[in-house]
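For reference, the structure is listed below as structure tokens.
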């Protein structure tokens, strides 16, 4: 897939909670095909400490409006500057980057997102549904305050929720939810994205149940398009680039998972 | 029309804008963004005799106006390059240089010999300055006798343009530059990365798996410019300058300090079209300053 | 209450936050902004045997995340310091170190002898690493034999704490560190500035009157951290770390890499209250990490 | 005079022409005494290439509103970011810095400002008038487009104007104006601030006429308060700091003037 470097226009920047916001950026051109699991690399302007671009997953695509929609968590200077973007501002992005989740040959799947790791799950859920697959969402958060608004997910299918403090859904981690326990054997695939320990725990559950598991890794990246070899993950086939051969990997390929 | 072509000791680059090894893949990674043929030259990824997996993740850290890397020469070996990659890229209408690295002199020699057979590769860049490998690499480039030894040995087998890439991690870069010039280098390129380190204060751990790594980007530009100027004044062979170049002004500064050509490294990550913008910017500058030949810029700083 | 005091080989600093020579005047320049007595120590301006006018203007240039300077040790000489400045600042309740520089070994010795007579000066910082003077300065500090010779000579006449300030412009900083340790240094401080250059592309002229100058600020932090860590692992005397420290996190990184104390340099220009903010930030960090004694941080990086 | 480092609030940012704007910043505290010729050091936030503070002359002081007023010309990244400041934004400044123009023992004086060098002339003119001195302004600009609005100056006294293209006032340089020629011998002092060649030409005129001349130098500064020794000018008394012993110097003291 051809990669583009392009100046988008911010059309909307909506804060969802204390940590997250949803950013809409529009292209003047017809957007190319974009696959679930792909990401963009954003150039952060005016950041004295944001020399390199920042990788952000594609949360949704609106092909009618030629908009890419991103879910961003403020963690450091780069994402804080993104949080300040106003409609009309320019945003320099390289896209679409990376491989994508496997959707062929699947009937039923669980989509597990932890924290901001839910980002690629919405576009993936839509795609699965369009292909006739039944996606079960499982979203985990520290507490109800920073949990995503579930409306868009509920339009697709049912949504399991866990919060660490029990303020919404099941109390505990995503791995405590029945979707990853009793119901798991029914599934053809577990897709997951979130903090490393969570993904490992999810992958372990899947392995136990003999179900395939695809993870979206958030390795540190310098370029995002295969030029620097900084983002590697150790696989059975040697070091692979997370930005071109990933970010999505079947955990069977990953060493130490 | 202005003249942009520069001659690096017998080989002509159509313009002075090259790309730096390890930051431009094999050119292919940038095909979606720019026309590779528009460049003066490209230096492909560090290549060794055998396949190398490189260092464990994490391999990079962002630093003020720069980055540290510890890739460690991950590559599939020279034979893979010659049989698989070379056929795919040899059509590029630009000077393709292969960055040659190794752990022993024999490694360097074997790799260079193999590259010598490839018709569409006009030269190598002998990397005696990689700080990210345990054996060889930078250790050759920081002492005069070993720098000379490896250069001489490769010179015996390599018949085309031999550019030698110098390390900035030395007390006197002109010593090494003069040494490799005497040993048969056709040109010298500099700087490779400065040895640096970054720590995660919260986790109390180094940010790189290898603890130390190579610093690049605008942060190193003042050091790079100084070394280019020192080396330009010390040797007769052409100097290829790099280190933190992000725009045409930076590139012109390196040429004024004495560089015949320049390489863009880390800047390619920030903007994959940067090389083309630099090329356009150099043309603009020449027009504004009524300079018809880019060669007038070389060493053109008034001191 | 947490313990912030650190011991640098027999002399106790009330906390590890010091200021770097040439960036903090004689302390007086900062009296309007902070309480000097709150600091662990201050290193006053580079002092020489005789009055020096320093280099011609222009003496500074801004660079990405840093600056170049070419002040060239402008000072009124050690006698002026002893008779005019010392009486004004000796009341400070902080460790006042005098940064001693010279063109010949005799210069260093004479200056150190004079400082030795001043009761309220607990130590000197022997500057064998200034890149901005034609004779002496850095040339002493980049070669082992001369670094040892000047340290030994000063050691004979200087009876109090002798900190030796190392140059980063060397192939192997641990060589020099071990050399000066053997020659009697009580501690080593590093890094001094990296030799760099900046050019005005429009005017085609160097930005400094001296063409090259010393690079400081956040740009050099990765190099400084690496050298502090290398030296910490090579010598037994305490290491005082500096280079681009702008906040408490930076300071803690240097301590984790092995620094017993740190110096803030260029950061003082950007925010004259930076030292105090760093001190407060270190306390916060210690509370968050449940560390009662700042000494636990020294060399506390898990590798 | 005690120096302060303080967070001011921008209260107004008014563009005067394509290159200049006037910035009002307010303190929460009672402003200390501020002398004509003094300056501030501004910390430019969010500038990847503005590591050091930027020195800017004090153009006016409003002690009632506790406001400092600055006249700023956009020349590079730092001043461009200042141009974008909005009311309510914070501005970190060190002030008041430097010495000041000599106002004692003067009866009649010419105040020559070239380009943005007019900045310190307004506060100086006011002070002189208050002390019973007659200030004659002489302002030079490339053309009428970037000439200052003269109202405030005219309230004080008459204003001579030169423009290089003759679009307003006398065509030519400030040194072509009668104030620096026929009328000069009547004056007790020439004050000047502007581009270096202009100040040297003005100083030469003053010297010829045997009149004292004070110049405000704009040397490159790293600190602004005497700590770095970067900003020196060569004087009969050796290298002096422009930031503490200047920026105002009597040209008699300066070597090569």
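Order of writing sets the chain letters: A, B, C and D. Residues in each chain are counted from 1.
Everything below uses one rule, namely that a contact is a pair of C-beta atoms (placed from the backbone, for glycine too) under 8 Å apart; a residue touches a chain by one contact, two chains touch by 3 or more.
Just so we're clear, the structure is a prediction, and the values are computed from it rather than from any experiment.
Taking the CA centroid of chain C as reference, the farthest chain centroid is that of A. Each chain gets one centre point, the mean of its Cα atoms, and the points for chain A and chain D are 55 Å apart. Centre-to-centre spacing of chain C and chain D amounts to 36 Å, using the average Cα coordinate of each chain. Work out the mean CA point of chain B and of chain C, and you get 34 Å between them. Looking at chain B, residues 63-66, 217-218 sit in touch with two or more other chains. Taken residue by residue, chain D touches two or more other chains at 48, 51, whereas all remaining positions touch fewer. Taken as a contact graph, with one node per protein chain and an edge wherever two chains touch, the assembly forms a single closed ring in which every chain touches exactly two others. Every pair of chains that touch is listed here: A-B, A-D, B-C, C-D. By the touch rule above, chain A contacts chain D in their complex via residues 46-48, 51, 81.
Of all residues in chain B, those touching chain A in their complex are 22-25, 29-30, 32-33, 45, 53-54, 56-67, 69, 71, 74, 217-218, 266, 268-273. Interface residues of chain B, counted against chain C in their complex, comprise 63-66, 68, 142-143, 169-172, 194-199, 201, 204-206, 211-212, 215, 217-223, 225-226, 229, 244, 249, 252-253, 256-257, 285, 300-303. Chain contact summary for the complex, chain D toward chain C: residues 2-5, 43, 48-53, 94, 219-234, 238-239.
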